[in-house]
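Have a look at the structure below before the remarks.
Labels A, B, C, D and E are assigned to the chains in the order they are written; within every chain, residues are numbered from 1.
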């Protein structure tokens, strides 16, 4: 193969997270090498930072939230997704155990203190979206950034927040500690559809549009490698996955990790294609919660380029 | 007045008992400043130490003040070995030692304040002392705004205001003019007379040493300075420091000490220059 | 030395030059590319407008107040601890020698990593941010005060002791004034670090404060918002520093005017 | 002062005491709760095992080397800049007065927020981390050197000028040696901050280094890994600091031994 | 030798032209140290300044060195107004001014080194100078390891090694014993004689002033010190600083100056103490 660019810098915000499992699988299984790529994975403090690096030109490709491609349209940056990795956002809204009786739905969140991973992040927007749908204003509750690591767990343990909108492994840990009751769960097909009426793309592989134009073969190779990972995951048992990822990812407890993998297994994309309904759902999420999107006409067609998945499906049998 | 040859009687204000002092010097044998030296200063005695420059006079005062631990021998204060700092002593350093962040008045008042005297009274007494050393109008100056001789006099007031039982003075009148020297000398004698204070006074001015002291000690040139002269000054007291210089006995003493000192300095110079 | 007025004029000139470079870099392309792409740098006009809006709507006050409180608390507590421990250690050489490696280690631990522990112990309120600021300010002040105390003129010290000062009095009359200029040097550095501690703390988890605002803006790639936050922050640190300078002038009146 | 051996013994004792508290707090419950729940604090035995494993498998070396390089570069560049600018500004009062507010502002900008800009300009390699470290080290050193130069004894300075020294010679023979102890005080603080800069830089985005390891561990609640990383980091900062201390001893031989 | 009353001829080494100096004092009227003062020092002239402590001698030297800008009047050096620092002058300060981070030898060698003389030669010449001031063996000592008198002598070597055309010396022999003073005085005269150097020498030792100088200037007590005496010392040269004190003319001069000085000091004291 004569790739335009063999050495690829790839960015991700929190590589060990299950959210990005396909990336780790592709890396561990050597799928990138099979495609003739040398990929350096750069781990960033968060998804936003990896996107900034992409815009700044220090990374070539990012595995990150689909939402970023929409946001960048408002900033005049052309970013295109080429492969869906996750199809459920994986965000969970949960309330503290002692509030479980009072809070039955998002409508009851009024006046509560809700922990989110960071102000302005997808967990924040998700909670706001639920509130809007339940007929509340976006500022009807107060939101607290609690970070994405152990500090989020600490905030709940200290009782400083009454509800939390967050991802695994924070939610998994809180559930294991029996500290919270889950209210809305988009880690599953049913949960996601209940909220959005469709699937909602989570992690995708996105690149700068002009990078794709200039390096179609490289883009194809990247897509192929991650597509292989998706296919591998689709067939794998949770235990196989646990064995494949580095030991350090196990949260110090192999069984617990396997359990978490099993719970998330359904969330990984089966086709790699972002369905139109999913794109719409994601767009709606933003337009209902963020004033900046109110007057912007989003061009959803530009956010996803399906050609590469299509080819990948043929190449990877 | 105890003679230099008599055995000292009664409690000794300061007794240097075979005190030896050497400084470690890097990559060289240690530098012995004072060869074992024995010297008694009786209470009430006013003793002057003269000697060539660099012979170890300041070092000896530092030992008496407890700032330097002797390498050999020991120092007895009123019969008891000196444990550490000599808290009964007042020491006027050869170098500037005023606190630059305090005005002249504050510098003089500080010893009283730390003794627990109320600030107002301390300031009043300090102002009186500034007057005694001729600096009544300079109380609000910081040390860097004073001349060398003015700083020295502030230092003197600072030491004397505490009325310590042992006075160690290292060239206190060095940067003063002859006339001011005499005024300060008279002030010092007035303070000392009949109070039972002992004074160890270092000076390069032999006339001054004789005019003020009961006894003049002569140190040899260093290294390993020894006590080479011990002169009893049998001039009458009370003395007028100006007139006393006219007495024939004064000139005899001066001549005797001076001729010994001159030889010593010449030797020191020849040795050091070698 | 120039007069205060012409000095101010020069300062403003420098500021304007800086803004011009920023503005041109962000709005006038050099060939194809912008020197300072506005995605990363926004541009000064937009930032100014945003700052004005922040104050006009009044939304900034609450956040400013929280950050101010955290900064000032971090500064005072950190400096207080640094000064006391600095003095204490300088006066107890054995203690200092024993703890020296541990202090060096503690100073080098990345505070960001410790954030969860602060949160666990101190909660999400202002105190976890104050703690973060304290861990920065403390070390800067500590090392300087420690060295400052050791630099005291030995003759003045000996004189103080012979004048009858006990340890407490030595501290007050000699060590403290002698170490003052060391202390103030570190305080100038610390003002900035206290603020950084507060902002980074808010950044890691908070419900209000300038750090929260900046983080929120960053999350939605609102560079203008980020820079607006930093502008507010900067004007505010200038205020705190001016207070420190004023106190310094007061306490150091005794110094000879600077030579040359 | 104690002998070096008994000093070491005391130091170890303190260390052991600290470890014991940590161990007991993490493993022995007080009533119902653990004082230092291992979810947040891990425990010393596990951390030690992890450190051993890190070295046994050899995986740590690559990361250690990257962080070491970044730290040392940040330290050297930051200190170099701080020293030169400190001297320069101290010798040009007008310059210093004009830039004073800008330096204060720059010192107070949260570096975490600037990280994207560093990455934009310097890429993802070590240089963006070095830059982060430099922005911390620089200010600490700068403020101290600046003050140190201004503290030079005016009489010695006047003497030097009258002996015929030009500006460069004054710098070499008077300002530099006179500001040395100020400089070293700031260097001790800076060692830690250089490391913090490197680690935080890696934390925000990198593909290797101790900060990268810690970040990975944090993402999966692997507290043991976080602490293991910090232990490695600590031992490594002790080394760098020891070198600084050694250089300091060499350069300051002329000082009178410490009184009291 | 120019007389004090004659108008000075030829180029003037230093000409104080109505120099006035006042220090600002906080919350008070300024403190006028020197009332407008006119004084000419011819080249080759050795002039001593005496006066009560705190009258403004050091201040006058600082003005001559260009360290203090006069509040009024101006200083001419060889006819040209002094622009800033007086780079042709060698100034021995009243305070310690040695660099504490350099050994005695390095301190003395520094003026040569900065003039571009190779380090080895500079060190050799510095060592020779240390010998001249009697400190040959103390080259490797840091200033804090030297006695007060030793530090002063190192400072002297440091200033003299450059062989400056104008020497300003502020109580250079203050902390030295009488014998060493004479040796240093002779050294200074030897250096000065016939080299066209001007020397302005501040001292409290009137005998020394007379023994060394061509001219002795007397300042009144401050504030607002004035020039109140200008004595031509018409003793033969070359002089032996010890023997010259035996000449009757020496005693005449001494008596004349001394009586004027004494009155001045007494007045100063009375005023300041008031």
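Quick note on the criterion: a contact is a pair of C-beta atoms (placed from the backbone, for glycine too) under 8 Å apart; a residue touches a chain by one contact, two chains touch by 3 or more.
Chain labels with UniProt names: B, E = Mannosyltransferase; C, D = ABC transporter permease.
This is a predicted model, so every value here is computed, not measured.
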Touching both subunit A and subunit D (chains): C
Chains in simultaneous contact with subunit D and subunit E: none
Chain at maximum distance from subunit B, centres defined as averaged CA atoms: A
Whole-Å gap separating subunit B and subunit E, where each centre is the average of the chain's CA atoms: 27
Whole-Å gap between the CA centroids of subunit A and subunit E: 84
Subunit A and subunit C, separation of their C-alpha mean positions in angstrom: 37
Between subunit E and subunit C, distance of the C-alpha-averaged centres to the nearest whole Å: 49
Sites on subunit C at which at least two other chains make contact: 40, 116, 120, 158, 161, 203, 218, 256
Where subunit B touches two or more other chains, by residue: 95-96
Touching two or more other chains - residues of subunit A: 52, 56, 149-150, 153-154
Inter-chain touch pairs (all): A-C, A-D, B-C, B-E, C-D, D-E
Subunit C contact footprint on subunit B (complex, rising order): 65, 67, 85-87, 89-91, 93, 95-103, 110-111, 114-115, 142, 144, 158-159, 162
Contact footprint of subunit D on subunit A as seen in their complex: 9, 11, 14-17, 40-45, 49-50, 52-53, 56-59, 148-150, 153-154, 169, 173, 248-252
Contacting residues of subunit D [partner subunit A, same complex]: 39-40, 115-116, 119-120, 123-124, 203-207, 212, 215-225
Contacting residues of subunit C [partner subunit B, same complex]: 155-156, 158-166, 169, 173-174, 177-178, 180, 254-256
In the complex, subunit D residues that touch subunit C: 1-2, 7, 10-11, 14-15, 18, 40-41, 93-94, 97-99, 101-102, 104-105, 107-113, 116-117, 120, 139-140, 143-144, 146-148, 150-151, 154, 157-158, 161, 181-182, 184-186, 188-189, 191-193, 195-196, 199-200, 203, 211, 214, 218, 226, 230, 233-234, 237-238, 241, 256, 258-260
